[in-house]
Amino acid sequence: MKLKLKYFGKLAETAGLQEEYKELESADTLAELKRIVFEEYKFDDSETIQVAVNQQLDENKTLKEGDEIAFLPPFAGG
Amino acid sequence: MKLKLKYFGKLAETAGLQEEYKELESADTLAELKRIVFEEYKFDDSETIQVAVNQQLDENKTLKEGDEIAFLPPFAGG
Amino acid sequence: MDKKKPKKVFVEGAIPPEKIAKSIANHQSKTNIGAHSIFLGQIRADEVDAKIVQAIEYSAYEEMAEQVFHEIRESAFSKFDITCAHIYHSMGRVNAGEICLFVFTSSAHRKIAIEACNFFVEEIKAKAPIFGKELFEDDSHQWKVNK
Amino acid sequence: MDKKKPKKVFVEGAIPPEKIAKSIANHQSKTNIGAHSIFLGQIRADEVDAKIVQAIEYSAYEEMAEQVFHEIRESAFSKFDITCAHIYHSMGRVNAGEICLFVFTSSAHRKIAIEACNFFVEEIKAKAPIFGKELFEDDSHQWKVNK
């Protein structure tokens, strides 16, 4: 299945891009996707990165074709 | 001793004046002054009138020549 | 220092929104501030016995009120790590929908600014000898009492 | 209804004091309001390793943020008896001393307006996917993290 990945703030800077598409085995879970992305871009987990699936913070969601997965560094609004 | 009396808000309305001078026996206390004024103007004590002596809310103060005594109805600022 | 300057609190009539904007703009050079908390009191057109409040006419024991404002300010600066604080209260007539109280506190951090602002509002309501005559459309009135 | 209208939260650059004055003025026809509570976030010129923050450049996951703002608003209107609520947050560059967040709540009574305002501020800080790049004078930067 094809997924749209988005990166924000410090993570966009580290990854060197804001958006990309990735093809995944349909058996792959969000945990597996995170593992792949964290390894590829050397994201540091200790920074408490949150992941949103279709704008929702729910790490237990099962992925499906066309999902938008966003990698979010700590929030800094206000 | 001569005292300056001031009335505010509803009390000025009830008394029909905002300010007056009153001559008192020097033995008279604030309690006695209140009794006289409340009786003269028919002030209703249940309205929780506060009395300030020289801009201070201290009902135990002893009065002296030239003091300014203010009769204050409930506050309504803000 | 902001803290020491004697401050004029009472303003004649309603507090215009432009005055609030100007106060805010005046703080843009103070770059140690991270948060402002503002409270505004507005005159409500309350209904009392089928009559609507048109305005409140404020009066005060001004010499005592200035003293009280000074004490509240001293107390606030000793309790809270605020950069500055401003308070304005109307005297005279303020129509329904207009602003009669403007409290403005600033700090490096939001919680301090917010707590200090609340402190000022509660203290002013409880301690300042200010009186309000609620005026109805038929020229009758009643005296406002803070709850 | 104020509650239902979709609201534009993000504004480009700093929030000008005049916008705040205009928001306040817009409420003078709502004579059931007795109290407004306003929170303003201002950019601090913090010192980090002997370098001074000149500005913050904000970015956001906007689609998600709009969703989050909507949920915070729904939740606030169900928790608090407020007449209206407005929130504005800057996107892009905001210089030290300028306003980046404007939260404005109104109610018949002061405690409700104040509590609702605090609720909005805390919720926005905790839940809105907004990111801030603190820019120093030597063109270096660091990423801001909410405490």
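Couple of notes before you dig in:
For reference, chains read A, B, C and D in written order, and residue numbers begin at 1 within each chain.
Going forward, contacts are C-beta pairs under 8 Å (C-beta built on N, C-alpha and C of every residue); 3 or more make two chains touch, one makes a residue touch a chain.
Being a predicted model, the structure only gives us computed values, none of them experimental.
The chain with its Cα centre farthest from the Cα centre of chain D is B. We define each chain's centre as the mean of its Cα atoms; on that basis chain A and chain D are separated by 27 Å.
Averaged C-alpha coordinates put the centre of chain B at 49 Å from the centre of chain D.
Between the CA-based centres of chain C and chain D the separation comes to 23 Å, rounded to the whole angstrom.
Each chain gets a centre from the mean of its Cα atoms; for chain A and chain B, those two points are 73 Å apart. The multi-chain contact residues of chain C, meaning those touching 2 or more other chains, are 41, 110, 121.
In chain A, the residues touching two or more other chains are 78.
The complete set of chain-chain contacts reads A-D, B-C, C-D.
Across the interface of their complex, chain C is touched by residues 17-18, 20-22, 24-25, 27-45, 96-99, 106, 108, 110, 114, 118, 121 of chain D. Every residue of chain B that touches chain C in the complex is listed here, in rising order: 6, 8-10, 13, 52, 55, 70, 72-78. Here chain D touches chain A in the complex through residues 41, 58-61, 63-64, 67, 89, 100-101, 121, 124-133, 143-146, going by the rule given at the top.
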